[in-house]
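One chain, chain A, links the two complexes that follow: it is found with chain B in the first and with chain C in the second.
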Partner chain A sequence: MNLGTRKILDRSFTAVGVTSIVLMALALLVVLVPIISGGLKALFFQGTIEHRQLVYNEFGRGDREELERQKEQSQEARRPVFAMLDAFDAELEGMEPAERREYRSQYNHVRDVLHDMLGPLPGDIEPLLLRFQYGNTRWEQAEESLHDLLYVTKWDYSNPNVMAEKYFTPRVDEFQGTALAPLFAYVETHLEEMLLPQPEFYWGFITDRSLDAHIFGGIWAEIQGTFYLAMGAMLFAFPLGVIAAIYFTEYAKDNFLTSMLRSANSTLAGVPSIVFGLFGLAFFINTVKVSESKSVLAGSLTLAIMVLPTIIRAAEEAILAVPKTYREASLGLGATKWRTIVTVILPAALPGIITGAIISLGRAAGETAPIIFTAAVSVGATIGLADVFTEPTPALSWNIYNLASEHEAANEIRHVQYGMVLSLISIVLLLNMSAILLRARISKKLKG
Partner chain B sequence: MPMTAEANTRSAASQGAEGSNREIFLPPERKAVKDGGKPHVTAKNFSIFYGDFEAVKKVNAEVLSRYVTAIIGPSGCGKSTFLRAINRMNDLIPSCHTAGTLMFNGEDIYGKYTDEVLLRKRIGMVFQKPNPFPKSIFDNIAYGPRLHGINDRKTLEGIVEKSLKKAALWDEVSDRLDRNALGLSGGQQQRLCVARALAVEPDILLLDEPTSALDPKATAKIEDLIEELRGSYTILIVTHNMQQASRVSDYTMFFYEGVLVEYAPTKQLFTNPKDQMTEDYITGRFS
Partner chain C sequence: MKILKKLFLLVAVLSFAATAPAQAKDSLVLDGSTTVGPIAKSFAAYFTKNYGVQVTVSESGSGNGAKSLINGACDIANMSRGMKDAEVAAAKSKGVDPVAHVVALDGIAVVVHPSNFVSALTTEQIRDIYRGKVTNWNQVGGPSAKIVVIQRESNSGTQDLFRSLVVGKKNPITKRAETQASNGAVKSRVATTPAAIGFIGLGFVDDSVKSLSVDGVKPSVETVKDGSYPVARPLFMVTDGQPTGNVKKFIELNRTEDGKQMISELGYVNKY
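Right after this comes the complex of A and B.
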């Protein structure tokens, strides 16, 4: 091949390589940017007086006096709204039944939206669910409510050949000439005074328990559950995996049984995680009965089985990579095989073993399928360490799915879903980072 | 019948009484050692196989205590295999097995009830490439004594100092015993390995081309060290450097294709070999 062609080939290969790396980076960006921006909204947002009140009442945090002052201030702004509602109530009383019925459903909607916005209105019965006890805690939700209040959503079906089109008409038109008519303009102009939005850094999103199925509050239960499950899995899988790796590399004879075990191990590494989930249910819960039903213990065991092959393989490779000369040196000094393994081989293999373990830890933290049937509940309290043998737990991975697809108010708690995703990614990333650092530190220590 | 170094040569016929005559074959400048010259390792029809391949063939020889015995021969002739058989390092190779007998102090090394761990404690080994553990200098030396149950810090410190002094390394490292041994130079690492082997107080020291990875200066230090240790330990050194063999050893074994061709006092083997093959080898007609 002549020099010219070779150069062209080199250059085109470089171009292809760079392109693929750029594409990958872009894809990563496309995924990460919305997750990060969406997730951060769970922590940083314009919070209303309702948010501050909730945090104070439920978690006891906040400046009481300042809160009282703001409450007074917002109450001041809300009073005209309540007055207008009272006036309209009185007006309704005086109407003909037919006319009253006509207004009734529209009016109920107005009251509902105002309830969403400001919390219980005077005259409403005391709500049981927490979500009805407070108005919009986040300013962007309040803005949506405002739109809902100001406009009626209508659909244009006039052209049968295309899909119906959505359009809005001012709601105030429906109440022209009544005592309620000025309300719309008033709310539009005074919403800020009624809700007093201000920038919040809600770190409690990480450390607070969830309130009313994640409508309010944080995700501590999920974070803790994920932590329990992943650590529990490692508690079983790490020692077992390292022991198995020692057996494979140091003790197993090269025979049929060993090669069977090896290929079983490789196969296990490729089994879809949902299969492990079903296995966990069938074996740990139904057969062995480690717990009555779902529990952290059953979930940890299932995850442990899932990551075991990875740990075994990583440890095996790490042990095989230890220079033969270390082994010779130790045995030559009169060390027993076991002593050599413990004092020379394992320490030298530690960086590799730890890397494998932490990657597995990350995987155990992130997997959903294995815990669906064995450990995860969608809504649950934080559990104590003593309860892990009997109690199920919420966990990030499962609740991300659950909140996004099954929650009754899935649309209103997007920030919670994104916040969970961001937390999970951060946890896994953090684990991997610490793996790299730890590995570097140990390697450095070994190299001197 | 196992043969002493002299008897194994073709001049065996001219031999008079064994043992008492040994000294006359030593190079003049090398003095006889005290309490030395007893058979320490004895091979009788000893063969070593890798699977079906016979790497060492029916060796008969006696290694004499407290002297330095060199093993020379072309690459692949079985020097390392023979050396490693003495402390059973070949056990690590699954396909390796032996025939005949190999005795150490009158005990069968490959005997059914021989504990290879205890054996290795008494027969130390230093390998071709320096192989310190990735631990501190102190922990490297203390590794052996700790294996054998010594954990008292004071005692260990004493052993470490003594071993490093014996290995002529103490002056260079006494102020940084807690540093990682991998930070030492190659020559220092090799002397550390010698010190580490000495720390378990072995009877025999096996050295497998201990200087082949070292520069001339470091090599000279190791050779000085061997000279220093001569008389206290039975030393077997594999080398493909004939000058080295003639410099450091009292006796020399010449292996060729697994056969112990000639075994004689070093001076005699190099100045007056009895075998044509030996002659060809030491005159460099092949290597």
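Right after this comes the complex of A and C.
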């Protein structure tokens, strides 16, 4: 091969390498930017008076006097709306039944939207569900409600051969000449006075319990559950994995059984996580009965089984990488085999073992399938450390899935879902960072 | 060595903390249907608030709820269909005596994208769509577009009821039908797919989808309650034996004024 060809090959390989790295970075950005921007919206947003009232009533935080003052102010702005509704109610009473029916369904929709926006209207039955007790707590939701109030969504069905196009007509047209007509313009211009939006930093999203199935409140129970499950899994998997690795590398004879065990371990690493979930249900809960039903303990054990192969493999590699001279020196000084392993080999292999543990920890925190049947619930309270043996817990990974697919109000609470995703990523990052720091300290000590 | 010692100490401390005696406390575990889920979650919040009893709710589908009850893994199984014979037999063999309580009534709304011209179908037309005999909307008076048929997974009680009430138990659903795992997933799939048809619990219907009249009757709280809407069913909470104590209190929430109000606020239909 002449020099020119070699150069071209070399350059093109460099180009391919750089391109793939750039592509990876772009892909990462595409994933991370929406997660971060969406997740931060759960913490930072334009909060309305309804939000402040909710936080004060449910969690007792906030300045009472200031809140009273703002409430008074917003009530002042809302009064004309209520008066117009009353006037229209009276007008409806005086109408012919046919005419009244015509207005009724449109009017009910107006009332529903106003209820969404401002909370229960005078004359409504006091709602029991928290989601109906307050108006829009976030300004962007209020703006959506406003659009819904001002415009009727219609579909153009004029051509039956194609799918219809969406278009909007002003809702005020339906009420022209009635007492309700001025309401639309009034709400449009006075929405800010009625809801008093101001920038909020809702740190309670991390530390509060969830209210009304995640529609309001925070995600503390999920964060704690994720933490318990991941730590619990490591508590079982780490010692077991290291012991198994020591057996494989130091004690096991090189025979058929050992190679079978090794390949079984490798196969286990490739088993889909849902299989572990079902195994956990069948074995830990139904057969061994570690707990009556789903519990953190059963979930941790299942996750531990799932990450065990990774830990064993990493620990094995790390132990094998310890220079032979270390072992020989120790044995030469008269140390027993056991003592050599505990005092020389394990400390030298520890950084590598911890690397395996870090990877596993992230996986245990993020897995959904193994905990569906063994530990996770959609709603549940935060549990104490003493309850991990018997109680199930909500966990971030499962609740993200639940909120994305099963929740009845999934579209209205996207910010909660994004907030959970961001928290999960941050938790995994934090756990990894601390493990990496620990590893760095150990490595430094070993060298010094 | 110091670090190893520290690690062992940490493990020791954690295991000590974990073995601290768990205080005896009341708690209720609910598992099952995603259709009953919203009611169960709202009842759970109400129950915890008023009686101080912790309630956990999982939404894993009616079939899993039944399995969970049979295995003694939950106190109450939420189900959007009745127990099947096989499930009752499995329960009996494990010494579980399933007792079903109607918590509310629900219509199964057949939904399409709001841009679809079609606003009413007969049961026969819906059956033909799900059996694959009708594949284009123009065969049922709609625009020319290939129908995207959406069904639920076999674990779903809604799927069971839809099959027996509309498609016919023996008739297979077309292989082209796509499967979604929950009411919410069906709704969002239909809301984003102009040519789709799906079915969801009445409580899940909102502006993003259009519910069809079936045999000329629009699904609503009134038509489900008076029995005129054809695709309606009771929703169950199933217990092991006649309920007592907290389970009984929870099951009977739907007869209290507050319970009735919560059910109607969620868009379901009260039985009592």
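Here, the second predicted complex is superposed on the first by the 448 of 448 C-alpha atoms of A that agree within 3 Å, B and C clash if a C-alpha of one lies under 4 Å from a C-alpha of the other, contacts with A are read in each partner's own complex, and residues count from 1 in each chain.
Everything below uses one rule, namely that a residue touches a chain if its C-beta (ideal position, glycine included) is under 8 Å from a C-beta of that chain, and two chains touch if they have at least 3 such contacts.
What you see is a predicted model; the values in this text were computed from it and never measured.
Colleague: Determine, under the contact definition given at the top, whether A:V344 touches first (chain B), second (chain C), both, or neither.
Modeller: The answer is first: A:V344 touches chain B but not chain C.
Colleague: Looking at the overlay, what does A:G380 touch: chain B (first), chain C (second), both, or neither?
Modeller: second
Colleague: On chain A, which partner's contacts cover more residues, chain B's or chain C's?
Modeller: More residues of chain A are touched by C.
Colleague: Output check: A:K294 vs chain B and chain C. Expected answer is one of first, second, both, neither. What do you get?
Modeller: A:K294 contacts chain C only, not chain B.
Colleague: Figure out whether A:E391 sits in contact with chain B (first) or chain C (second), or with both, or with neither.
Modeller: After superposing on A, A:E391 lies in contact with chain C but is clear of chain B.
Colleague: Where does A:A329 make contact in the superposed view: on chain B (first), on chain C (second), on both, or on neither?
Modeller: Touch partner of A:A329: chain B, not chain C.
Colleague: First (chain B), second (chain C), both or neither: which does A:Y157 touch?
Modeller: second
Colleague: Please identify the positions on chain A that touch both chain B and chain C, taking each partner from its own complex.
Modeller: Overlap of chain B and chain C footprints on chain A: residues 343, 347, 445.
Colleague: Would you tell me which residues of chain A are touching chain B in their complex?
Modeller: 254, 323, 325-336, 339, 343-344, 347-348, 445-448
Colleague: In the complex, go through chain A and note every residue touching chain C.
Modeller: Its residues touching chain C are 125, 127-130, 132, 153, 155, 157, 159-166, 211-213, 231, 235, 239, 285-286, 292-294, 343, 346-347, 350, 372-373, 376-381, 385-392, 402, 405-408, 410-411, 438, 441-442, 445.
Colleague: Please give the residue numbers of chain B that touch chain A in the complex, ascending.
Modeller: Chain B residues touching chain A: 87, 89, 92, 94, 117-122, 124-125, 127, 129, 131-134, 143-144, 147-148, 179-183, 193, 196-197, 200.
Colleague: Along chain C, where are the residues that touch chain A in the complex?
Modeller: On the chain C side, the touching residues are 1, 3-4, 11, 14-15, 17-18, 20-23, 25, 27, 29, 34, 37-38, 41-42, 44-46, 48, 54-60, 64, 68, 71-74, 113-117, 138, 141-145, 181-185, 188, 194-195, 203-204, 207-208, 258, 261-262, 265-266.
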